[in-house]
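In the two complexes that follow, chain A is the common piece, with chain B as its partner first and chain C second.
Then we have the complex of A and B:
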């Protein structure tokens, strides 16, 4: 039993790491632009499908690198033409807009690539369990965790030490003042959105290696990311990180005792956090840090 | 500061509201396409053309459209052409019911086909029954449709979950072993399928080491797989369908579980196998229809014709469901020389499908007592390497006739109430 529990905690951390990658992108966009990006799952799917299309030409590694950039470019175009128009309005506007976008992206992928799922293959070296006992730790999953870790570290470094990163953090705190100081807020928001969508694209490629690639696959991955943000605290990237890992572990552990509730536990966790600490674990009251 | 306070609060709440909206998304109702002409016989099809079952629903539609084309080329039904009205249930029961009412009340259809989703199929069967419209459930498997919830006007083409379980269980038991562990999708279809298989297993004297109920739309199956392997069964039965099954089998292959435990299942579909990488295509399964049947009359022509209409893709079981549902109506109406629902429903009882429609070696007929089509089960193994054609992903070992896999009419729980 202890072994089963330990297995599932480790396993939950691996799953959680994936939620984190997706949630951090969502969180970035939410923090700076107050846009709840419902189309995030759609961009994830687009990222996966672009990788699927590129794989025959560039191989897995090439697709892994190129696809997120292409997804980010699509994201940037969408931001420039559509999302930027609703900045500053009630969040409901962006909510409805991205909600519609999510449908468009899902049906768009269906029109281009077909409704039936596509087999996305990963290099044989990655598709192996590391040991017979720890069969659930495959090289691919370790690789995924490594990619997530590196990406998160890079992102935090970017936010801390680059000019754009500092401005993004400042904008999260007080966009008006940042704007008054002469920073081009429009460009800053575009850059921030593109980085968020880059992360969605990257999640898409990673997900396609492990899950079935299908136009609807984004929907199932979006909710855990939202929950990660709420549990961690809106406005805090660290919170999102912890939130993602936490719901991954909670869901993994629940699967041992009461499998049917392994999904519901995330919502229970969210409800408890909202009741006990409405700002989320790392959210500061009234502050978007 | 006040502003920031407000901003933070709005975000949190809006985010939670957003979650609610995500749930509502399923209800949104997309496109409709139809062509109208004078003096036609209107036929409606309701299927989930958007959402997780979109792929199988589209294949079903290809089959229905092909049948309409064939029927109209041969003079239609009672000399009138068929006009097909297509509605999207968006995989939502409420939407499906609404569309059924619309098709029957506003468009005045004579015959209804649908839905792939068992829950929607059950719900729209109540509407068609209330309105006395002949209805063939093409692809919803849950037993009740031709069991305890059966109706005089409702027939079904695809198998019941009981038939599916009966077709494979014995082979699995004899070939793979007697300790079984289930991964079951947590809804009507999964429950009845699992119960049927478990009943068979008990009959043979086997044991169940566990049953993991997984919510529909589960993406990560690792926790269940960890549990399943710890239970050390002989066979792991993977019962989820569609994307869930693809996710599960991909993870099974990556964890190497198929090298330690026999991995198998009951219902398998070409749509799912095509979505999997080669290493995930393992195990013994049953297909409800398969496109490669050397020597069976009509199959080659059917495959060639469908390829022309689907961008080169072969027909799947779903294509055949759609085709057979539509053809059954035309055949029985032309034979009975009427469009009257009750007369046609009576005439379909014990109606045997001709070779060019059944497209399988065994006798294929609608059973009069429960309105279930006695169609064959194609039992065999998934192929890691395609046998020649890239879509040949399944090796059929035996084709078992429907009346061998189906429980007798007396055991289905169906009592037909005919209108006075």
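Then we have the complex of A and C:
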């Protein structure tokens, strides 16, 4: 029993780490541009399929590195042509716009790559289980966690020590002042959006290795990211990080006792957090409320 | 905008008469345009749902992106009564409306302090709870296959029996009466002092608060009322299809409702109905010619947001004012 519980906690942490990667991208965009990017799941799928297309030429490692950049470029183009037009308007419009984009991306992948699922091969070294004795965890899952950890640490370092990163953080708190200080807010938002989509693309490649590819996979992964952000508190990236891990573990542990509720528990957690601490665990009063 | 609210009464009465005349005669003129009565009934119900979303969005300024949940609960509530408990159409509608409305009232109390994007996000996430319940709890809800079989029951009106099950035209008029009742209630609420307060909150929440209006309470009541209307529409939708679909609770359905409201014109009372007509007919058409119809819906969203943010009625009014 203890072993089973331990296994599921570890498993939950791994899944949580994956949610974090996706949610952080969503959170970045939400914090700076006040846009809920419904199309985030769509970009995830695009990232996965691009990696699938590249793999025969570049191999797994090449695809893992190149695909997120290509996805970010697509994201940048979409931001420049469409999303930047609704900044400053009622959030209703950015919601509807990204909602429409999600449809277009999902159906677009279906048109290009077909409606049926596609396998995504991972290196044999990563596909083996680590140990059959204790838990059945493939090294791919640990690899995923390592990639997520390195990415998140890099992201936090960038936000802390580079000029653009500091500006993004300042813009999250008060974009008007940042703009008044002579920072090109348009460019800052575009860069920030591209970084967010880069993370979505990376999540897509990682997810493809674990789950295979399907045009609808993005929409299913979107909701946990939402919950991670709400639980952690809107406006705080640390909050999103903690929120993602927390819901991962919660659903992992619930899977031991009551498998049917492993999805529902995330929502219960969210309801409890909203009741006890409406701004979320790390949210600051006044942020986007 | 303000001058428009005072459009001369004569014109308003004429417009109202035209709308109702068109709705009442729909079974006669629709086949001429290539429509069919069941499509008209569906438009009417979805239009009512879009108007319920707009009751909150357009008149209180609160964006809920999870309203499909209340719509779906209404549908399941109505269907379960008909399937498991009693073969009575009115009882089904009543139960569905109450179930969705009460669920909305409880969750509304939890989220009413949030605003803007945050409110939208929380409503989406909570709406999904009900989607998962409908999807997972297959022994009761039928899971992925939806709730079936159940059938709307003939109405016993004392002297006569109205066979709404087999007679599509009779069912259309039954739905039209239900629609009229809800729309009258909405119009009555919007004209009341409470409705005026909703507008005040929409226009300037801070000022409303300074005037001593308990803003949270008002938003909660508006939210709850909107949920009741939504669940009512949902119950009717279960009767339209004789089927309750888990996808009817999904957030993409909420997005469709918001789209109908915005596309028709969310600052006008009848806009969402017009939006529903355009949306449902468009969806019906593109899904009949291609399997990748979703991409067209996606482009429709993008086009409306970029070029018709005020919706069809909003655009027409602007031209009227300009000329």
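Convention: the second predicted complex is superposed on the first by the 283 of 289 C-alpha atoms of A that agree within 3 Å, B and C clash if a C-alpha of one lies under 4 Å from a C-alpha of the other, contacts with A are read in each partner's own complex, and residues count from 1 in each chain.
Keep this in mind: a residue touches a chain if its C-beta (ideal position, glycine included) is under 8 Å from a C-beta of that chain, and two chains touch if they have at least 3 such contacts.
Note that the structure is a prediction, hence the values are computed from the model and not measured.
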item	value
Partner chain(s) touched by A:116 [first = chain B, second = chain C, both, neither]	first
Chain B versus chain C as contact partner of A:97, first or second or both or neither	second
Residue contacts on chain A - larger count, chain B or chain C	B
Which superposed partner A:89 touches (first chain B, second chain C, both, neither)	second
First (chain B), second (chain C), both or neither touched by A:226	both
Partner chain(s) touched by A:263 [first = chain B, second = chain C, both, neither]	both
Contacts of A:34 with chain B and chain C, given as first, second, both or neither	both
Contacts of A:234 with chain B and chain C, given as first, second, both or neither	both
Partner chain in contact with A:108 - chain B first, chain C second, else both or neither	second
Touching partner for A:69 - first (chain B), second (chain C), both, neither	neither
Touching both chain B and chain C, residues of chain A	30, 34, 36, 38, 91-92, 95, 99, 102-103, 106-107, 110, 219, 223, 226, 229-230, 234, 260, 263-264, 274, 278, 288
Footprint of chain B on chain A - complex, ascending	3-4, 7-8, 11-12, 14-15, 30, 34, 36, 38, 91-92, 95, 99, 102-103, 106-107, 110, 114-122, 127-129, 132, 135-136, 138, 140-141, 174, 207, 210-217, 219-223, 226, 229-230, 234-235, 251-252, 255-256, 259-260, 262-264, 274, 278-280, 283, 285-288
Chain C partner contacts - residues on chain A that touch it in the complex	30, 34-36, 38, 82, 85-86, 89-93, 95-97, 99-104, 106-108, 110-111, 219, 223, 226-227, 229-230, 234, 260, 263-264, 267, 270-271, 274-275, 278, 288-289
Chain A-facing residues of chain B, complex	1, 4-5, 7-12, 14-19, 21-22, 25, 28, 30, 50-52, 54-55, 58, 186, 212-215, 217-220, 222-227, 229-230, 243, 246-247, 250-251, 253-257, 271-272, 274-279
Residue ranges of chain C in contact with chain A within the complex	57, 63, 65, 110-111, 113-118, 120-122, 124-126, 128-129, 132-133, 136-137, 252, 255, 258-259, 262, 292, 294-295, 297-302, 304-306, 309
